[in-house]
Amino acid sequence: MKPIVVRNIERADADSVGVLGGLGVSTVHEAMGRLGLMKPYMRPVWPGGEAAGPAITVLAQPGDNWMIHVAVEQCRRGDVLVVACSSDSTDGMFGELLATSLRARGVLGLVLDAGCRDVKALKEMAFPVWSRAISAKGTVKSTLGAVNVPVVCAGALVNPGDVIIADDDGVVVVPAKNAADVADQGFKRKTDEDGKRQKLAAGTLGLDMYNMREPLAKAGLVYVDKPQDV
Amino acid sequence: MKPIVVRNIERADADSVGVLGGLGVSTVHEAMGRLGLMKPYMRPVWPGGEAAGPAITVLAQPGDNWMIHVAVEQCRRGDVLVVACSSDSTDGMFGELLATSLRARGVLGLVLDAGCRDVKALKEMAFPVWSRAISAKGTVKSTLGAVNVPVVCAGALVNPGDVIIADDDGVVVVPAKNAADVADQGFKRKTDEDGKRQKLAAGTLGLDMYNMREPLAKAGLVYVDKPQDV
Amino acid sequence: MKPIVVRNIERADADSVGVLGGLGVSTVHEAMGRLGLMKPYMRPVWPGGEAAGPAITVLAQPGDNWMIHVAVEQCRRGDVLVVACSSDSTDGMFGELLATSLRARGVLGLVLDAGCRDVKALKEMAFPVWSRAISAKGTVKSTLGAVNVPVVCAGALVNPGDVIIADDDGVVVVPAKNAADVADQGFKRKTDEDGKRQKLAAGTLGLDMYNMREPLAKAGLVYVDKPQDV
Amino acid sequence: MKPIVVRNIERADADSVGVLGGLGVSTVHEAMGRLGLMKPYMRPVWPGGEAAGPAITVLAQPGDNWMIHVAVEQCRRGDVLVVACSSDSTDGMFGELLATSLRARGVLGLVLDAGCRDVKALKEMAFPVWSRAISAKGTVKSTLGAVNVPVVCAGALVNPGDVIIADDDGVVVVPAKNAADVADQGFKRKTDEDGKRQKLAAGTLGLDMYNMREPLAKAGLVYVDKPQDV
Amino acid sequence: MKPIVVRNIERADADSVGVLGGLGVSTVHEAMGRLGLMKPYMRPVWPGGEAAGPAITVLAQPGDNWMIHVAVEQCRRGDVLVVACSSDSTDGMFGELLATSLRARGVLGLVLDAGCRDVKALKEMAFPVWSRAISAKGTVKSTLGAVNVPVVCAGALVNPGDVIIADDDGVVVVPAKNAADVADQGFKRKTDEDGKRQKLAAGTLGLDMYNMREPLAKAGLVYVDKPQDV
Amino acid sequence: MKPIVVRNIERADADSVGVLGGLGVSTVHEAMGRLGLMKPYMRPVWPGGEAAGPAITVLAQPGDNWMIHVAVEQCRRGDVLVVACSSDSTDGMFGELLATSLRARGVLGLVLDAGCRDVKALKEMAFPVWSRAISAKGTVKSTLGAVNVPVVCAGALVNPGDVIIADDDGVVVVPAKNAADVADQGFKRKTDEDGKRQKLAAGTLGLDMYNMREPLAKAGLVYVDKPQDV
């Protein structure tokens, strides 16, 4: 790995980021064609937080948070920091001090494929973090990594500048070049879902609303009246 | 697997369901002779929810929620939907739209051995879900399963109509035919525990209240004054 | 294993316990030289609880909570009970009744390398528990263990009388003989961090505050302007 | 749980057992309609062993192997012993002595949802065991369970007398009443697969042999010549 | 996800593949600067197998092996097939028949982030497979995926044509464009290691051979004669 | 943590080590009163190896094998090296070169709570390693740890000089001061087991040999003839 920091990255356009953030993780993931989702072990360290913004990426050595300090300087107002490790680790690479520093730069949240600490303080600050674990385990600052290179974080490929959307459902990544399209798709989907929700709330069955009865029968589904009829 | 839907099942009697729901998971599990508990990975997607009712069961292919749509139609007011998968999966098979539909039919909650999404909306709706994971991962609708057949869900056998009790301690299953007996046993146990709680709160030791000193001594327990006396 | 109960243990001094409790897990762990932390699977069963006190230790057979009943008698006001199992188990060894008994003796909290139940009641009582799992699975009372012997709990060695600090970040153990020193170190660290937090909040970069730029350059870190410059 | 031992169970017919054993786990699982498979954490403690026979079932308390001793007496020549635990455990409930006893009664193998020890001796004896873990952790003999009741073992329902088939691919359960049918289905499947294997070995593509090209195109699959054509 | 198959991909040059295969996973991973390694849960289904070749990639739906059938046609002599799933699954997507077909096309091995079956037959055929699990669980053929698109497999990014090296130590990916460089670096490293091995075998200490004594002392390492000297 | 190396440790006496090694892990663990066993995730990287000797202990930072190099110098003929990490890691801290060095000093094996690589070479050298994982992931050499201090390795406390016994059943630790006693107990147990094995092989039931029938009946075990008699 080349120990580099890329200073200038192309960020997804702000309008798309705004729309995607409003749609939320599950809708965006569907609008993406069911791609881009991080693994479900990535959970908010306190419930209810949300974040949406272009990714600043970090590739770190497990148990070593030196590169997060380096990355802070590359962050701008509205960014989301994404930290991947070169192997699995739950060590507590991030806490209140780094959150204070990110907040001062206008960063909206952190996605961290490792452990997070100072959970109570982060909640009081309302700084949202999605992580693999909560752990007070301290880390060293001795080995270089890289900032703003493509990383695989929790199973998803993240390029610097891609849009990160995170909420209680998890974290999804939208490639910068697709942001506008996915925002459009997601918006349509959401409108469509609003209509469906009303019908379902009024008692219409999904079987009818989605016209599933015929394909189910064709596939061979059989209704019987009692268990012994099987 | 035969792709069938059983329309008419025998539900546990409503009185027993009511009593069991009031007792809660831990007491019912004890009253059952410590049987019927689902594995502890089944957790509420939001804390504080509770549900008790007869089970409508679904056996689904992992990553495929077609049969949940089929099952909705078989649910009645007061039921709890139980979804098992034919192999382990964390994909998000259930979200706000299906919850809206279940709510419209009077279903009290969902027990799902897979992933759940739209957690924030479910909490706002106060629709309780116990699941293996929280995941936005979308699912397909292409392979048949079965509705109202016996299933193994999170390690527990569930027959259609069995009573499901779920709260912050997890999920327990009571066979329909045993519901009245278990409700009786649980009620006695609860009354008994109320008395014990008062004694313990007043400072009585469990050692004395449960008459443990003699069996402990018989089993060979030795008290020493200091570590070096060992 | 000798089935013994040690009656008189030397507890860490109360002043140090007080200071350590005020510092919290993450600061104490750092002040210890990054030692003594239990594994991150140890989580509070309800969020926001905190406990600090000398350890009463239990070594139990998995699925058997007999020795917890024995240990209650050895607890004094201000203690924290620590329960290790001789092999991994998630069975629910502890619930409301035992909590009532511990509360009556002035015990401040429980650290349990197994499962815990009656979560709702524990939260209402505000009795804090850190455990490996939440499980209603009942346990037997048939096999002896030991009380107030050294135990390995969630990967950390705990001697009776050691200081246990537990909060939302996890659980850390401070050997009784080091308690005063660690309290001093931790207090200095906390004061120092307060100053750093203010600087970072004001926009100073960690890179500058910690003088990292030179060692980073020495280690070979390279800044480039654009990805294609790599 | 009622602490009972059922003495007389109905075993699946020997002819079907013989055929099913010859087919192996993967073929039988397919012939069952993809049902009946235990979870993949069940692995042979030494590779290459195989077993097929009617199940004698045990429900045991975790960390307690008393009921295995009870079950030995109920086993006959050709049986396979299946041990489930009332909660997850890796403790070493079984080793060389019990294997010697089972071998003396003509038992063909053990399926154990817990830990196994004396692996080297078991391999030398060629006594096959499928288990969740290998562990030397000793167990107690203090709490009753049951023998020859229905159990859920590694996610699969096993009734006494059902056919157990186990090999390097895992463990599958065939209900006694379906044994003859599944044996027939499996035999046909195997014959059919032999023909397919020859065609595939000769270079025929599955795409053609299974006539997949048309349904793939219908489903929307697109072939492009180069990545940039996407 | 666009359901596409890319027909023509650029494969890493055969000479580099040959050298990299001879070096083995651990040496290649070091020569890459400690990048490109798949997660350690990827294990050979039988020990001792080795494979090296350009990747044909598949992105499949969990529990659905339709796209593997599609991918076979795109494979050439010397390729290694790499199958990623859109979410975690252990279902048995691959067995003897598909291996027969791949062997007929000259494919050298399979890397599969899911389950594999027919382990005994694969070993007899000497067809090497690295997978997340061994499982007989059958899969459906109903949902499209993609062939020869970039995939994340077991935490590593794989582009079609990249070099896959797999042996008993795991699986590593070398980007096609870096193959020659990494082969050179690896070759030097190997030669260098041969010399070191001889010195170490002769009793030279790594402390001396790597000149570690001075940096260790500088970092603060202290030697004491007895524990009480600490 | 103080970064120290303790040069002179007291090793368990060689005679006891010899006896304990001959008894094997499961027998020694029982003779210890069922204590001292490492967690079952510690598995041999190749099957069939065995090692017994006094422990040289290492506490290392995860992903950093510097201290293993330091520890080699402290090893003598007949020792077993035990490496614990300050937090969970699967990185490959050990391979062929270090094994060559340990072999040159007469070390009999390695117990490593992290990952191991060069598995094929280690098997060819017949150098036995028990580890948490197999992983080619390379490690750094930048942070100090300690050598010959007490460590918790895979859940077991290991003091320098304690006896390590490792085979296919796992790894057990015998405190140096208890080595002679445990060797005696284990020897008696083994002799006793030899007699039992012969009886069991001849068809005597454990129920009779251990006189279990009466305590089982007392505990409430009931025999019924058919399922419907329950």
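A, B, C, D, E and F label the chains in the order they appear, each numbered from 1.
To be clear about the criterion, a residue touches a chain if its C-beta (ideal position, glycine included) is under 8 Å from a C-beta of that chain, and two chains touch if they have at least 3 such contacts.
Quick caveat: nothing in here was measured; it's all calculated off a predicted structure.
Under the contact definition stated at the top, the chains bordering both chain B and chain E are A, D. Matched by residue number, over half of the contacts between the chains of A-C recur in the interface of B-C, chosen from B-C, B-E or C-D. At the interface between chain C and chain D, two copies of one sequence, more than half of the residue numbers in use are shared by both copies.
Centroids of chain C and chain F (each the mean of its C-alpha atoms) stand 27 Å apart. Spacing of chain D relative to chain F, judged by their CA centroids, is 30 angstrom.
Averaged Cα coordinates give chain B a centre that lies 39 Å from the centre of chain F. For chain A, the set of residues that touch two or more other chains comprises 2, 34, 37, 86-88, 90, 135, 137.
Chains touching one another form the pairs A-B, A-C, A-E, A-F, B-C, B-D, B-E, C-D, C-F, D-E, D-F, E-F.
Residue ranges on chain C touching chain D, taken from their complex, read 61-64, 86-91, 135, 137, 140, 142-143. Contacts from chain A toward chain B in the complex involve residues 24-26, 29-30, 34, 37, 40, 43, 48, 167-170, 172, 193, 196-197, 200-203, 205-207, 210, 212, 216, 219-227, 229-230.
By the touch criterion stated above, chain A contacts chain E in their complex at residues 1-2, 33-35, 37, 39, 86-88, 150, 152, 155-157.
Every residue of chain C that touches chain B in the complex is listed here, in rising order: 2-9, 66, 69-70, 72-73, 90, 92, 95-98, 100-101, 103-105, 115, 117-120, 133-138, 141, 144, 148-149, 160.
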